[in-house]
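See below for the structure under consideration.
Just so it is clear, A, B, C and D label the chains in written order, and each chain counts residues from 1 on its own.
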């Protein structure tokens, strides 16, 4: 079996964790990492991360390589973007032309960039999700479903993160929005080194249901990305989100 | 609006809790309670339970009344059965003949009785569920879905009940069966007066998801029954379980 | 062994639950219940509550009996007060004179009434606690101890109660006060029929500790009262709180 | 203020995490790390771990340095031992002679080595704990205390760790022993990448208390060691365990 070839944009803390997970997976091959900075240029990703792997993955910098050169020499099936909201301007057009699938794990896009995604989705398969862990997206899906069954139930959200994390977590806000709650239903705790916990409490008159997601480490993003990648393999052109990926699992 | 008329079989602890919930609901009317014992014969249910209600609900005993006489005088739309596995022999035939819907909240049926249910379901709408709380059935559904998305995930079940409860909880066994787990994955705790807690732990490499159901009191069965009753109103003849009731909520 | 004789003031929901627990305990005997209302006057407490017991406990009303008459006829060792902040004016003086121990489970006392308690504590053993469950008081004690060990740790409180409970729970406020936290560290959730849950989260840089108390029912107050009663048996005159009762257990 | 000087034995995963925490603390100075292997010999610890620090900490190997030479050149106040049960034979005698305090974070010692510790404790301050996190030791202490208050309460332990961890966790066994429970009261779950969670459930008739410790990462051992180190500073010769360190915090 040929491995699906992946090019990765972004090599911050999350990008590194995602690269680690890709290198350890046998269905996918990390062809390259592309980043703005020219730090670590041409270093081997597996070597740098201390992961045993015979995948080619070198680190390239936009300071010394163009995306076209890179894709000519090292073509990929999927581009995974953990860079920033403007990363799409680097690779979007050529990905569209060459039918390379796009997985954008970007927290916020401006309207303009959402427009770019939509246009690209006519030519290739485009996926976008602000939070790309499997657990959080499942939680969102399962919570919406319970709300649909019992629209009158009382719902509260608890989110816990490390001291110093500013503002309400984006994931908690997204859950609240999906459940028609407002910010007063979100209880934000900040303490010590808590990595990230989201709990949705459904209070019925004589019973409670709790859905809880706890992050252990950033590598969870890597598993989420590969889950999406596997499910995009036979998807046509179009713009997909995580719900689109989960729904087919429901056909009884 | 005409209230849907309910006849209730069984008046043990759970039957009483269910009756309380029915009396407090405005869409349903408790016409009568039928029990084997002739204790409390012809007492008023709302008065006995201390619930304010102008619903007629009297208690009848099989020692002094037949089901036919009862239904002739006080016809109902739905019979709810919290009695025992043999209750079906009391009301099944006439419910089938008169098209009265049946909700059987019976833990275990023998093969023979399941056969009776199937035959009845040709003539009327028949529902059977061993555990009829909304929360537990949702949990079961949501857990199966996550297992479908991530069949390789590690799953463990924790169930907690009051000291003295014998054996593994039936609900935990049902969850385990639905998730292809065996008994070694069920962790049973018995301590003090815990009413009932079921937790399904999904262990991913870098994150965990927990689904937790906690019972507060037996009245939860009443809410579950009414949820089922509402969803059976426009269902045709046939044999239904809780999953059949939940699935339609998924149509996106 | 002679049972310790108890007189109980107050017969609301909590008073009834407390009476049930006392009746079931073999070391204590419920001599009487005294209440303002003349409802249920001279009814038997065990009969009314449906508890099997051969303890004398009748219900008396202040409308037809005085405390002096009652104590003359049915002397007790301890008076337990679940009535209201002014109950102390009914029985305080005579309890002091006759050396009857007092357990006051009253949420709030005015300064004046605290003064009365102090004066009484010269003559007899007086105990006062606004929340008299063993679990909550243990939680308070254990949380203060962890804060003492690690004064720099981040602490957050989560309290969950049924929808409709107004304001922050008094217990949460007391915990916050004991830990030098302010109200912003208390996260109050209101949902469905949750009886009462208090969680104290200690966030360390690389670990968390959680102390959780969950109420199942009001009878917990009864067990708390009897725990206090047992521990007051050989205590001299003085004013005690729950911490005074717990501390002796620490002597290594 | 002069920093307290620390020498560290052991540089496996836990040793590295502990070194990281010591380097970041301002009251203590990491003078050196001593290990068996001659890998990384004479490398700078802060540099190797990527921690900014001007502390001298170099890595020395027993293959090329003796403990006497090391202590002559780089004297320390405390030796922290995360190596193995036989590490004590390397540094014990000279630590005793020079009055260097010893903190041994070793899971198991043979009787012989416990004898060595006892003899050393005549000459210097010796501390030994198989688990040296603050949270777990607090949990143990707090749980024993609740058991003392309510010896009749039902207690169950839940411990969760990553798939593949063999056997019941040593910490869970220690908790069980301290509470007079047997192995049947320990519920061991293994799933995904759970770092480590210990929960003690106290089931009362009408309430529950839960004490929960969750590990986020190995650095927790570093904080535990420094807590012990701070509390040993003014302790005389003798053999101490974690309970000895915690008890003084109780004097009201």
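A few notes on this one:
Going forward, a contact is a pair of C-beta atoms (placed from the backbone, for glycine too) under 8 Å apart; a residue touches a chain by one contact, two chains touch by 3 or more.
Since we're looking at a predicted model, the values are computed, not measured.
Counting hops only between chains that touch, subunit B reaches subunit C in a minimum of 1. Overlaying the C-alpha trace of subunit A on that of subunit D calls for a turn of 180°, given as a multiple of 5.
Relative to subunit C, the most remote chain by averaged C-alpha coordinates is A.
Between subunit A and subunit D, the centres computed from C-alpha atoms are 38 Å apart.
Inter-chain spacing, taken between the CA centroids of subunit B and subunit D, is 52 Å.
One finds 41 Å separating the Cα centroids of subunit A and subunit B.
Residues of subunit C in contact with at least two other chains: 192-194, 202, 204-208, 216-217. Chain contacts here are complete: no pair of chains fails to touch.
The part of subunit C that touches subunit A in the complex is made up of residues 153-156, 158, 160, 162-163, 187-194, 201-208. In the complex of the two chains, the subunit A residues touching subunit D come out as 192-195, 216-217. The touching residues of subunit C, counted against subunit D in their complex, run 133-135, 138-139, 142, 145-146, 148-150, 202, 204-220, 222-223, 227, 246-247, 249-250, 252.
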